[in-house]
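Two complexes follow with subunit A in common, the first pairing it with subunit B and the second with subunit C.
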Partner chain A sequence: MKVKVNGNDQALDKSEVSVAELLAINSVEMPDMVSVQLNGEFVKKENYVNTYLNEADEIDFLYFMGGGRRSA
Partner chain B sequence: MLKIPRKIVNAIIEQGKREAPLEACGYLAGEDGVISKHYEMTNVDASEEHFSLDPKEQFAAVKGSRSEGLDILAVYHSHPASPARPSNEDIKLAYDPNIVYVIVSLQEENNAVRAFNIKKGIAKEMTVNVKG
Partner chain C sequence: MNFTGEQIERYSRHIILQDVGAQGQKKIMEGKVLIIGAGGLGAPAALYLAAAGVGTIGLVDGDQVDLTNLQRQVIHFTPDVGKPKVASAKEKIEQMNPDVQVVTYEEMATASNISGIIRDYDFIIDGTDNFPAKFLINDACVFGRKPFSHGGILRFDGQTMTYLPGEVCYRCVFKGSPPKNAVPACSQAGVLGAVAGMLGTIQAAEALKYFVGKGELLTNRLLVFNALKMNFRTVNIKRNKSCPVCGEKPTIVELFDEEQPVCDLRKEKE
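Here is the complex of A and B:
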(Lines of atoms letter the chains of each structure in order from A and count residues from 1; the text may use other names and numbers.)
(Lines give C-alpha, C1' and ligand atoms only; values in the text may rest on other atoms or scores of the structure.)
Protein backbone atom coordinates (compact mmCIF):
# COMPACT_ATOMS: atom_id res chain seq x y z
CA MET A 1 0.00 0.00 0.00
CA LYS A 2 1.21 3.47 -0.81
CA VAL A 3 0.27 6.50 1.23
CA LYS A 4 1.53 10.05 1.54
CA VAL A 5 3.06 10.90 4.92
CA ASN A 6 3.80 14.52 5.69
CA GLY A 7 3.78 15.21 1.98
CA ASN A 8 6.12 12.36 1.04
CA ASP A 9 5.23 9.06 -0.62
CA GLN A 10 5.63 6.08 1.65
CA ALA A 11 5.23 2.40 0.75
CA LEU A 12 3.89 0.14 3.47
CA ASP A 13 4.57 -3.60 3.51
CA LYS A 14 1.24 -4.53 5.04
CA SER A 15 -2.21 -4.02 3.57
CA GLU A 16 -3.68 -3.06 6.95
CA VAL A 17 -1.87 -0.35 8.84
CA SER A 18 -3.37 1.71 11.64
CA VAL A 19 -2.48 5.29 12.44
CA ALA A 20 -0.72 4.03 15.57
CA GLU A 21 1.35 1.59 13.52
CA LEU A 22 2.22 4.27 10.98
CA LEU A 23 3.47 6.54 13.74
CA ALA A 24 5.62 3.70 15.07
CA ILE A 25 6.97 3.00 11.57
CA ASN A 26 7.96 6.65 11.41
CA SER A 27 9.82 6.44 14.73
CA VAL A 28 7.36 8.51 16.74
CA GLU A 29 8.25 7.52 20.27
CA MET A 30 5.49 9.46 22.01
CA PRO A 31 2.33 9.22 19.89
CA ASP A 32 0.31 10.95 22.59
CA MET A 33 2.31 14.07 21.84
CA VAL A 34 1.48 14.25 18.15
CA SER A 35 -1.60 15.50 16.34
CA VAL A 36 -2.73 13.61 13.25
CA GLN A 37 -4.73 14.63 10.21
CA LEU A 38 -5.95 11.93 7.84
CA ASN A 39 -7.02 13.36 4.50
CA GLY A 40 -7.33 16.74 6.16
CA GLU A 41 -9.42 15.61 9.12
CA PHE A 42 -8.15 15.38 12.69
CA VAL A 43 -7.96 11.87 14.15
CA LYS A 44 -8.66 11.69 17.88
CA LYS A 45 -5.80 10.18 19.86
CA GLU A 46 -8.04 7.44 21.22
CA ASN A 47 -8.71 6.37 17.63
CA TYR A 48 -5.07 6.03 16.51
CA VAL A 49 -5.20 2.29 17.18
CA ASN A 50 -8.45 1.53 15.38
CA THR A 51 -8.17 3.93 12.44
CA TYR A 52 -6.76 2.15 9.40
CA LEU A 53 -5.21 3.66 6.30
CA ASN A 54 -6.37 3.14 2.75
CA GLU A 55 -4.45 3.24 -0.50
CA ALA A 56 -3.42 6.79 -1.44
CA ASP A 57 -4.44 8.27 1.90
CA GLU A 58 -2.72 11.46 2.91
CA ILE A 59 -1.69 11.48 6.54
CA ASP A 60 0.09 14.27 8.33
CA PHE A 61 1.41 14.31 11.86
CA LEU A 62 3.14 16.93 13.91
CA TYR A 63 4.36 17.23 17.43
CA PHE A 64 2.87 19.25 20.23
CA MET A 65 4.77 22.51 20.47
CA GLY A 66 4.92 24.29 23.75
CA GLY A 67 7.09 25.43 26.59
CA GLY A 68 7.44 28.01 29.25
CA ARG A 69 8.63 28.80 32.71
CA ARG A 70 6.04 26.70 34.51
CA SER A 71 4.20 23.46 33.99
CA ALA A 72 1.17 23.70 31.71
CA MET B 1 23.85 26.94 11.64
CA LEU B 2 20.54 28.69 11.16
CA LYS B 3 20.43 31.70 8.87
CA ILE B 4 17.62 34.15 9.49
CA PRO B 5 17.06 37.38 7.54
CA ARG B 6 17.20 40.50 9.70
CA LYS B 7 13.69 41.48 8.63
CA ILE B 8 12.30 38.20 10.03
CA VAL B 9 14.23 38.60 13.28
CA ASN B 10 12.84 42.12 13.57
CA ALA B 11 9.33 40.84 12.85
CA ILE B 12 9.40 38.21 15.58
CA ILE B 13 10.85 40.70 18.06
CA GLU B 14 8.04 43.10 17.18
CA GLN B 15 5.52 40.28 17.60
CA GLY B 16 7.02 39.52 21.00
CA LYS B 17 6.73 43.16 22.07
CA ARG B 18 3.21 43.43 20.69
CA GLU B 19 2.02 40.36 22.54
CA ALA B 20 3.95 41.01 25.76
CA PRO B 21 3.56 40.30 28.59
CA LEU B 22 2.27 37.07 27.02
CA GLU B 23 4.73 34.73 25.35
CA ALA B 24 4.59 34.98 21.55
CA CYS B 25 5.25 32.04 19.25
CA GLY B 26 5.41 30.84 15.68
CA TYR B 27 7.15 28.78 13.04
CA LEU B 28 10.14 29.55 10.81
CA ALA B 29 10.22 27.98 7.35
CA GLY B 30 12.93 27.70 4.74
CA GLU B 31 15.36 25.33 3.09
CA ASP B 32 18.71 23.88 4.07
CA GLY B 33 19.02 25.88 7.26
CA VAL B 34 18.12 29.18 5.61
CA ILE B 35 14.90 30.78 6.87
CA SER B 36 12.82 32.65 4.33
CA LYS B 37 9.40 32.91 5.95
CA HIS B 38 7.84 33.14 9.40
CA TYR B 39 4.38 32.21 10.59
CA GLU B 40 3.02 34.07 13.57
CA MET B 41 0.94 31.67 15.63
CA THR B 42 -1.55 31.98 18.45
CA ASN B 43 -0.35 31.17 21.95
CA VAL B 44 -3.41 29.20 22.96
CA ASP B 45 -2.25 29.30 26.58
CA ALA B 46 -2.45 33.12 26.48
CA SER B 47 0.07 33.04 29.29
CA GLU B 48 3.01 35.13 30.45
CA GLU B 49 4.82 31.98 31.46
CA HIS B 50 3.82 29.33 28.96
CA PHE B 51 3.00 28.81 25.31
CA SER B 52 1.34 26.15 23.20
CA LEU B 53 0.70 26.25 19.48
CA ASP B 54 -2.76 25.62 18.05
CA PRO B 55 -2.65 22.31 16.11
CA LYS B 56 -5.01 23.72 13.45
CA GLU B 57 -2.62 26.60 12.86
CA GLN B 58 0.32 24.21 12.92
CA PHE B 59 -1.13 22.05 10.16
CA ALA B 60 -2.06 25.14 8.12
CA ALA B 61 1.48 26.46 8.38
CA VAL B 62 3.08 23.11 7.60
CA LYS B 63 0.90 22.52 4.56
CA GLY B 64 1.22 26.14 3.43
CA SER B 65 4.99 26.03 3.59
CA ARG B 66 5.03 22.65 1.84
CA SER B 67 3.01 24.12 -1.03
CA GLU B 68 5.71 26.76 -1.43
CA GLY B 69 8.49 24.19 -1.45
CA LEU B 70 9.62 25.11 2.07
CA ASP B 71 10.07 23.10 5.23
CA ILE B 72 9.24 24.10 8.78
CA LEU B 73 12.74 24.31 10.22
CA ALA B 74 12.18 25.96 13.58
CA VAL B 75 9.64 26.92 16.19
CA TYR B 76 10.18 30.18 18.04
CA HIS B 77 8.82 31.75 21.18
CA SER B 78 9.56 34.83 23.20
CA HIS B 79 10.74 35.09 26.76
CA PRO B 80 9.27 38.44 27.82
CA ALA B 81 11.12 38.62 31.11
CA SER B 82 13.91 36.06 30.99
CA PRO B 83 17.02 35.29 28.94
CA ALA B 84 17.00 33.50 25.58
CA ARG B 85 17.74 30.14 27.12
CA PRO B 86 15.48 27.10 27.18
CA SER B 87 13.75 26.66 30.51
CA ASN B 88 13.36 23.24 32.08
CA GLU B 89 9.80 23.27 30.77
CA ASP B 90 11.01 24.15 27.25
CA ILE B 91 13.37 21.17 27.34
CA LYS B 92 10.79 18.83 28.85
CA LEU B 93 8.24 19.66 26.16
CA ALA B 94 10.65 19.53 23.19
CA TYR B 95 9.19 16.36 21.70
CA ASP B 96 10.15 16.98 18.07
CA PRO B 97 13.78 15.91 17.60
CA ASN B 98 13.94 17.32 14.09
CA ILE B 99 13.02 20.94 14.67
CA VAL B 100 15.18 23.83 15.88
CA TYR B 101 13.96 25.70 18.93
CA VAL B 102 14.48 29.47 18.67
CA ILE B 103 14.04 31.73 21.68
CA VAL B 104 13.86 35.51 21.60
CA SER B 105 14.48 37.40 24.83
CA LEU B 106 12.77 40.73 25.34
CA GLN B 107 14.69 41.11 28.58
CA GLU B 108 18.22 40.87 27.24
CA GLU B 109 19.95 43.80 25.63
CA ASN B 110 19.41 43.92 21.85
CA ASN B 111 16.68 41.27 22.20
CA ALA B 112 18.96 38.25 21.92
CA VAL B 113 17.90 35.49 19.53
CA ARG B 114 19.32 32.03 20.16
CA ALA B 115 18.66 28.63 18.61
CA PHE B 116 18.90 25.17 20.13
CA ASN B 117 18.74 21.55 19.15
CA ILE B 118 16.94 19.75 21.96
CA LYS B 119 17.08 15.97 21.95
CA LYS B 120 16.43 13.56 24.79
CA GLY B 121 16.44 16.34 27.34
CA ILE B 122 19.70 17.89 26.24
CA ALA B 123 19.78 21.36 24.68
CA LYS B 124 22.70 22.30 22.46
CA GLU B 125 23.02 25.86 21.23
CA MET B 126 23.59 26.32 17.55
CA THR B 127 24.89 29.32 15.66
CA VAL B 128 22.37 31.87 14.44
CA ASN B 129 23.50 33.97 11.49
CA VAL B 130 21.32 37.03 11.08
CA LYS B 131 21.80 38.33 7.59
CA GLY B 132 20.61 41.28 5.57
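Here is the complex of A and C:
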Protein backbone atom coordinates (compact mmCIF):
# COMPACT_ATOMS: atom_id res chain seq x y z
CA MET A 1 0.00 0.00 0.00
CA LYS A 2 1.21 3.48 -0.83
CA VAL A 3 0.29 6.55 1.17
CA LYS A 4 1.53 10.12 1.33
CA VAL A 5 3.03 11.22 4.64
CA ASN A 6 3.78 14.92 5.02
CA GLY A 7 3.75 15.24 1.24
CA ASN A 8 6.15 12.35 0.62
CA ASP A 9 5.25 8.93 -0.82
CA GLN A 10 5.60 6.10 1.63
CA ALA A 11 5.25 2.43 0.79
CA LEU A 12 3.84 0.19 3.53
CA ASP A 13 4.41 -3.55 3.29
CA LYS A 14 1.28 -4.40 5.27
CA SER A 15 -2.24 -3.91 3.95
CA GLU A 16 -3.71 -3.02 7.34
CA VAL A 17 -2.00 -0.10 8.99
CA SER A 18 -3.57 2.10 11.63
CA VAL A 19 -2.69 5.72 12.31
CA ALA A 20 -1.05 4.56 15.55
CA GLU A 21 1.13 2.09 13.65
CA LEU A 22 2.03 4.68 11.03
CA LEU A 23 3.21 6.98 13.83
CA ALA A 24 5.39 4.14 15.14
CA ILE A 25 6.72 3.27 11.65
CA ASN A 26 7.75 6.90 11.25
CA SER A 27 9.45 6.89 14.66
CA VAL A 28 7.25 9.62 16.07
CA GLU A 29 8.55 9.35 19.61
CA MET A 30 5.88 11.41 21.27
CA PRO A 31 2.48 11.00 19.62
CA ASP A 32 1.13 13.45 22.20
CA MET A 33 3.10 16.16 20.44
CA VAL A 34 1.43 15.54 17.08
CA SER A 35 -1.90 16.37 15.48
CA VAL A 36 -2.81 13.97 12.69
CA GLN A 37 -4.74 15.01 9.59
CA LEU A 38 -6.02 12.22 7.33
CA ASN A 39 -7.24 13.36 3.90
CA GLY A 40 -7.90 16.80 5.29
CA GLU A 41 -9.77 15.74 8.44
CA PHE A 42 -8.31 15.64 11.93
CA VAL A 43 -8.21 12.24 13.60
CA LYS A 44 -9.05 12.28 17.29
CA LYS A 45 -6.26 10.85 19.44
CA GLU A 46 -8.56 8.18 20.84
CA ASN A 47 -9.14 6.97 17.27
CA TYR A 48 -5.48 6.53 16.25
CA VAL A 49 -5.65 2.82 17.05
CA ASN A 50 -8.85 2.00 15.18
CA THR A 51 -8.42 4.27 12.15
CA TYR A 52 -6.95 2.29 9.25
CA LEU A 53 -5.31 3.72 6.17
CA ASN A 54 -6.37 3.16 2.58
CA GLU A 55 -4.36 3.24 -0.63
CA ALA A 56 -3.34 6.79 -1.63
CA ASP A 57 -4.38 8.33 1.68
CA GLU A 58 -2.72 11.61 2.53
CA ILE A 59 -1.57 11.96 6.10
CA ASP A 60 -0.02 14.98 7.77
CA PHE A 61 1.72 14.92 11.10
CA LEU A 62 1.55 18.43 12.52
CA TYR A 63 3.91 18.95 15.42
CA PHE A 64 3.37 21.10 18.46
CA MET A 65 5.91 23.90 18.48
CA GLY A 66 6.30 26.38 21.24
CA GLY A 67 8.96 29.02 21.24
CA GLY A 68 12.69 28.92 21.57
CA ARG A 69 13.32 31.04 24.60
CA ARG A 70 13.27 28.33 27.22
CA SER A 71 11.41 25.14 26.56
CA ALA A 72 9.04 24.36 23.76
CA MET B 1 -2.49 61.34 5.67
CA ASN B 2 0.00 63.12 3.44
CA PHE B 3 3.57 61.88 3.18
CA THR B 4 6.39 64.23 4.03
CA GLY B 5 9.29 64.38 1.60
CA GLU B 6 11.34 62.34 4.03
CA GLN B 7 8.64 59.65 4.26
CA ILE B 8 8.41 59.37 0.48
CA GLU B 9 12.14 58.73 0.47
CA ARG B 10 12.15 56.39 3.49
CA TYR B 11 9.35 54.21 2.14
CA SER B 12 10.22 54.57 -1.55
CA ARG B 13 10.97 50.85 -1.99
CA HIS B 14 7.50 50.04 -0.72
CA ILE B 15 5.80 52.81 -2.67
CA ILE B 16 7.31 51.67 -5.98
CA LEU B 17 6.05 48.12 -5.37
CA GLN B 18 2.98 47.76 -7.55
CA ASP B 19 1.07 45.78 -4.91
CA VAL B 20 1.86 48.25 -2.13
CA GLY B 21 2.07 51.72 -3.64
CA ALA B 22 1.28 54.95 -1.80
CA GLN B 23 -2.13 53.57 -0.80
CA GLY B 24 -0.67 50.43 0.75
CA GLN B 25 2.04 52.37 2.55
CA LYS B 26 -0.64 54.69 3.94
CA LYS B 27 -2.53 51.68 5.28
CA ILE B 28 0.64 50.33 6.88
CA MET B 29 1.22 53.69 8.55
CA GLU B 30 -2.30 53.70 9.93
CA GLY B 31 -1.95 50.13 11.18
CA LYS B 32 -1.64 49.04 14.79
CA VAL B 33 0.17 45.79 15.56
CA LEU B 34 0.50 44.17 18.96
CA ILE B 35 3.48 41.89 19.47
CA ILE B 36 3.11 39.54 22.42
CA GLY B 37 6.57 38.36 23.45
CA ALA B 38 9.58 40.57 22.62
CA GLY B 39 11.83 37.55 22.15
CA GLY B 40 13.00 35.29 19.34
CA LEU B 41 9.98 35.84 17.10
CA GLY B 42 8.89 39.24 18.38
CA ALA B 43 12.32 40.84 17.91
CA PRO B 44 12.66 40.35 14.14
CA ALA B 45 8.93 40.99 13.66
CA ALA B 46 9.20 44.29 15.56
CA LEU B 47 12.26 45.40 13.59
CA TYR B 48 10.65 44.80 10.19
CA LEU B 49 7.33 46.31 11.20
CA ALA B 50 9.12 49.37 12.57
CA ALA B 51 11.18 49.73 9.41
CA ALA B 52 7.97 49.45 7.38
CA GLY B 53 6.49 52.37 9.29
CA VAL B 54 3.60 50.62 11.06
CA GLY B 55 1.78 53.41 12.89
CA THR B 56 1.60 51.86 16.34
CA ILE B 57 3.51 48.89 17.67
CA GLY B 58 2.45 47.51 21.04
CA LEU B 59 4.90 45.27 22.92
CA VAL B 60 3.87 42.88 25.69
CA ASP B 61 6.56 41.18 27.77
CA GLY B 62 7.25 41.02 31.48
CA ASP B 63 10.80 39.67 31.19
CA GLN B 64 14.20 41.29 31.35
CA VAL B 65 16.89 40.79 28.74
CA ASP B 66 19.14 37.85 29.61
CA LEU B 67 22.51 36.97 28.12
CA THR B 68 21.07 33.74 26.69
CA ASN B 69 18.54 35.80 24.69
CA LEU B 70 21.11 37.57 22.55
CA GLN B 71 21.82 34.55 20.31
CA ARG B 72 18.49 35.19 18.53
CA GLN B 73 16.54 38.10 20.00
CA VAL B 74 18.14 40.58 17.65
CA ILE B 75 16.41 43.71 18.95
CA HIS B 76 18.33 43.42 22.24
CA PHE B 77 22.04 44.26 22.50
CA THR B 78 24.71 43.35 25.01
CA PRO B 79 24.36 46.55 27.11
CA ASP B 80 20.61 45.78 27.45
CA VAL B 81 21.12 42.73 29.66
CA GLY B 82 19.00 43.23 32.77
CA LYS B 83 16.70 45.83 31.16
CA PRO B 84 13.00 45.14 30.64
CA LYS B 85 12.62 43.67 27.16
CA VAL B 86 9.86 46.09 26.23
CA ALA B 87 12.06 49.08 27.16
CA SER B 88 15.03 47.70 25.21
CA ALA B 89 12.85 47.03 22.15
CA LYS B 90 11.19 50.44 22.36
CA GLU B 91 14.58 52.19 22.32
CA LYS B 92 15.66 50.39 19.15
CA ILE B 93 12.38 51.00 17.34
CA GLU B 94 12.45 54.70 18.16
CA GLN B 95 16.02 55.00 16.90
CA MET B 96 15.17 53.13 13.74
CA ASN B 97 11.99 54.96 12.84
CA PRO B 98 10.59 57.98 14.66
CA ASP B 99 7.32 57.62 12.68
CA VAL B 100 6.35 54.65 14.84
CA GLN B 101 4.50 55.09 18.10
CA VAL B 102 5.53 52.40 20.58
CA VAL B 103 3.29 51.34 23.45
CA THR B 104 4.78 49.05 26.07
CA TYR B 105 3.08 46.63 28.46
CA GLU B 106 5.64 45.36 30.95
CA GLU B 107 3.65 42.34 31.98
CA MET B 108 2.84 38.85 30.78
CA ALA B 109 -0.39 38.33 28.88
CA THR B 110 -2.95 36.69 31.16
CA ALA B 111 -6.63 35.83 31.03
CA SER B 112 -7.40 38.96 33.00
CA ASN B 113 -5.43 41.54 30.97
CA ILE B 114 -5.26 40.24 27.40
CA SER B 115 -8.69 41.28 26.12
CA GLY B 116 -8.16 44.87 27.23
CA ILE B 117 -4.76 45.00 25.56
CA ILE B 118 -5.66 43.49 22.17
CA ARG B 119 -8.78 45.67 21.86
CA ASP B 120 -6.78 48.65 20.56
CA TYR B 121 -4.95 46.73 17.83
CA ASP B 122 -5.71 45.60 14.27
CA PHE B 123 -3.37 42.61 14.13
CA ILE B 124 -1.69 40.53 16.83
CA ILE B 125 1.59 38.64 16.55
CA ASP B 126 2.11 35.65 18.82
CA GLY B 127 5.79 35.67 19.66
CA THR B 128 5.45 33.73 22.89
CA ASP B 129 7.46 30.73 23.97
CA ASN B 130 4.93 28.53 25.71
CA PHE B 131 1.70 26.70 24.96
CA PRO B 132 -0.56 28.25 27.60
CA ALA B 133 0.22 31.72 26.20
CA LYS B 134 -0.33 30.54 22.63
CA PHE B 135 -3.74 29.11 23.45
CA LEU B 136 -4.64 32.20 25.49
CA ILE B 137 -3.80 34.46 22.53
CA ASN B 138 -5.82 32.23 20.23
CA ASP B 139 -8.86 32.21 22.47
CA ALA B 140 -8.69 35.97 23.11
CA CYS B 141 -8.44 36.65 19.37
CA VAL B 142 -11.29 34.26 18.55
CA PHE B 143 -13.51 35.88 21.19
CA GLY B 144 -12.38 39.40 20.27
CA ARG B 145 -12.53 38.70 16.51
CA LYS B 146 -8.94 39.87 16.00
CA PRO B 147 -6.62 38.60 13.26
CA PHE B 148 -3.40 37.09 14.57
CA SER B 149 -0.30 35.29 13.43
CA HIS B 150 0.66 32.11 15.24
CA GLY B 151 4.32 31.18 15.27
CA GLY B 152 6.14 28.22 16.79
CA ILE B 153 9.74 27.12 16.59
CA LEU B 154 11.72 24.15 17.82
CA ARG B 155 15.33 23.35 17.01
CA PHE B 156 15.50 23.76 13.21
CA ASP B 157 11.75 23.70 12.60
CA GLY B 158 9.19 26.44 12.37
CA GLN B 159 5.46 26.70 11.80
CA THR B 160 3.08 29.60 11.30
CA MET B 161 -0.51 30.32 10.36
CA THR B 162 -2.61 33.47 10.16
CA TYR B 163 -5.98 33.52 11.86
CA LEU B 164 -8.81 35.63 10.51
CA PRO B 165 -12.19 35.77 12.31
CA GLY B 166 -14.41 32.91 11.19
CA GLU B 167 -11.53 30.88 9.76
CA VAL B 168 -9.33 28.04 11.08
CA CYS B 169 -7.98 28.82 14.56
CA TYR B 170 -4.97 27.39 16.41
CA ARG B 171 -7.21 25.10 18.47
CA CYS B 172 -8.71 23.66 15.26
CA VAL B 173 -5.23 22.21 14.69
CA PHE B 174 -4.04 21.70 18.26
CA LYS B 175 -6.86 21.26 20.74
CA GLY B 176 -4.96 22.17 23.86
CA SER B 177 -1.58 22.11 25.56
CA PRO B 178 0.21 18.78 25.24
CA PRO B 179 0.63 16.71 28.41
CA LYS B 180 3.51 18.17 30.40
CA ASN B 181 5.53 14.94 30.31
CA ALA B 182 5.34 14.95 26.49
CA VAL B 183 7.00 18.33 26.04
CA PRO B 184 10.69 17.89 25.19
CA ALA B 185 13.00 18.61 28.09
CA CYS B 186 14.89 21.86 27.85
CA SER B 187 18.17 20.10 27.23
CA GLN B 188 16.66 18.47 24.14
CA ALA B 189 15.10 21.69 22.88
CA GLY B 190 17.06 24.74 21.79
CA VAL B 191 16.68 26.62 18.54
CA LEU B 192 18.89 27.90 15.75
CA GLY B 193 18.76 31.69 16.13
CA ALA B 194 18.27 32.30 12.43
CA VAL B 195 15.20 30.03 12.43
CA ALA B 196 13.54 32.43 14.87
CA GLY B 197 14.49 35.25 12.53
CA MET B 198 12.98 33.47 9.53
CA LEU B 199 9.73 32.85 11.31
CA GLY B 200 9.36 36.27 12.94
CA THR B 201 10.04 37.83 9.55
CA ILE B 202 7.29 35.72 7.93
CA GLN B 203 4.92 36.87 10.68
CA ALA B 204 5.83 40.51 9.99
CA ALA B 205 5.22 39.97 6.27
CA GLU B 206 1.78 38.53 7.04
CA ALA B 207 0.88 41.61 9.13
CA LEU B 208 2.01 43.93 6.32
CA LYS B 209 0.07 41.91 3.71
CA TYR B 210 -2.98 42.11 5.95
CA PHE B 211 -2.81 45.92 5.93
CA VAL B 212 -2.03 46.21 2.25
CA GLY B 213 -4.77 43.70 1.40
CA LYS B 214 -2.83 41.97 -1.36
CA GLY B 215 -1.86 38.37 -1.93
CA GLU B 216 -2.92 35.38 0.13
CA LEU B 217 -2.46 35.13 3.86
CA LEU B 218 -1.54 31.87 5.60
CA THR B 219 -5.19 31.48 6.50
CA ASN B 220 -6.65 27.97 6.54
CA ARG B 221 -3.17 26.62 5.99
CA LEU B 222 -0.16 25.96 8.17
CA LEU B 223 3.30 26.71 6.85
CA VAL B 224 5.87 24.28 8.21
CA PHE B 225 9.55 24.41 7.45
CA ASN B 226 12.74 22.66 8.39
CA ALA B 227 15.88 24.74 8.09
CA LEU B 228 18.25 21.76 8.17
CA LYS B 229 16.81 20.48 4.90
CA MET B 230 15.56 23.95 3.98
CA ASN B 231 12.27 22.41 3.11
CA PHE B 232 9.06 24.51 3.13
CA ARG B 233 5.54 23.18 2.86
CA THR B 234 2.01 24.46 3.44
CA VAL B 235 -0.67 22.10 4.73
CA ASN B 236 -4.27 23.01 3.96
CA ILE B 237 -6.53 22.90 6.98
CA LYS B 238 -10.28 23.02 7.31
CA ARG B 239 -12.21 24.33 10.28
CA ASN B 240 -12.55 21.60 12.86
CA LYS B 241 -16.15 20.91 13.88
CA SER B 242 -14.93 19.59 17.21
CA CYS B 243 -12.66 22.59 17.89
CA PRO B 244 -13.10 23.39 21.59
CA VAL B 245 -13.29 27.14 20.99
CA CYS B 246 -14.75 27.72 17.50
CA GLY B 247 -16.40 24.36 16.78
CA GLU B 248 -20.04 23.35 16.86
CA LYS B 249 -20.13 22.66 20.58
CA PRO B 250 -17.45 24.82 22.13
CA THR B 251 -16.30 23.78 25.59
CA ILE B 252 -14.18 26.90 26.08
CA VAL B 253 -16.40 29.91 26.54
CA GLU B 254 -14.16 32.17 28.57
CA LEU B 255 -10.45 32.90 28.92
CA PHE B 256 -8.41 31.02 31.48
CA ASP B 257 -4.81 30.77 32.66
CA GLU B 258 -2.98 27.47 32.49
CA GLU B 259 0.15 26.63 34.39
CA GLN B 260 3.36 26.41 32.46
CA PRO B 261 6.16 24.25 33.81
CA VAL B 262 9.13 26.51 34.39
CA CYS B 263 12.21 25.33 32.64
CA ASP B 264 15.64 26.76 33.17
CA LEU B 265 18.72 25.27 31.55
CA ARG B 266 21.01 26.43 34.33
CA LYS B 267 18.88 24.70 36.93
CA GLU B 268 18.70 21.53 34.87
CA LYS B 269 22.45 21.22 34.77
CA GLU B 270 22.75 21.36 38.53
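The criterion applied here is as follows: the second predicted complex is superposed on the first by the 66 of 72 C-alpha atoms of A that agree within 3 Å, B and C clash if a C-alpha of one lies under 4 Å from a C-alpha of the other, contacts with A are read in each partner's own complex, and residues count from 1 in each chain.
By definition in this document, a contact is a pair of C-beta atoms (placed from the backbone, for glycine too) under 8 Å apart; a residue touches a chain by one contact, two chains touch by 3 or more.
If you're wondering where the values come from, they're calculated on a predicted model, not measured in any experiment.
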Which superposed partner A:Gly7 touches (first subunit B, second subunit C, both, neither): both
Which of subunit B and subunit C A:Gln37 touches, first, second, both or neither: both
Touched partner set for A:Phe64, first subunit B, second subunit C, both or neither: both
Where subunit A meets both subunit C and subunit B, residue numbers: 6-7, 30, 33, 35, 37, 42, 60, 62-72
List of subunit B residues in touch with subunit A within their complex: 23, 25, 45, 47, 49-53, 55, 58-59, 62-63, 66, 75, 77, 79, 82, 86-87, 89-90, 93-96, 99, 101
Residues of subunit A that touch subunit B when the two form their complex: 6-7, 30, 33-35, 37, 42, 60, 62-72
List of subunit A residues in touch with subunit C within their complex: 6-7, 30, 32-33, 35, 37, 40-42, 44, 60, 62-72
Of all residues in subunit C, those that touch subunit A in their complex: 37, 39-41, 69, 72-73, 127-131, 134, 152-154, 157-159, 172-175, 178-179, 182-186, 189-191, 195-196, 222, 224, 233, 235-238, 240, 242, 261-265
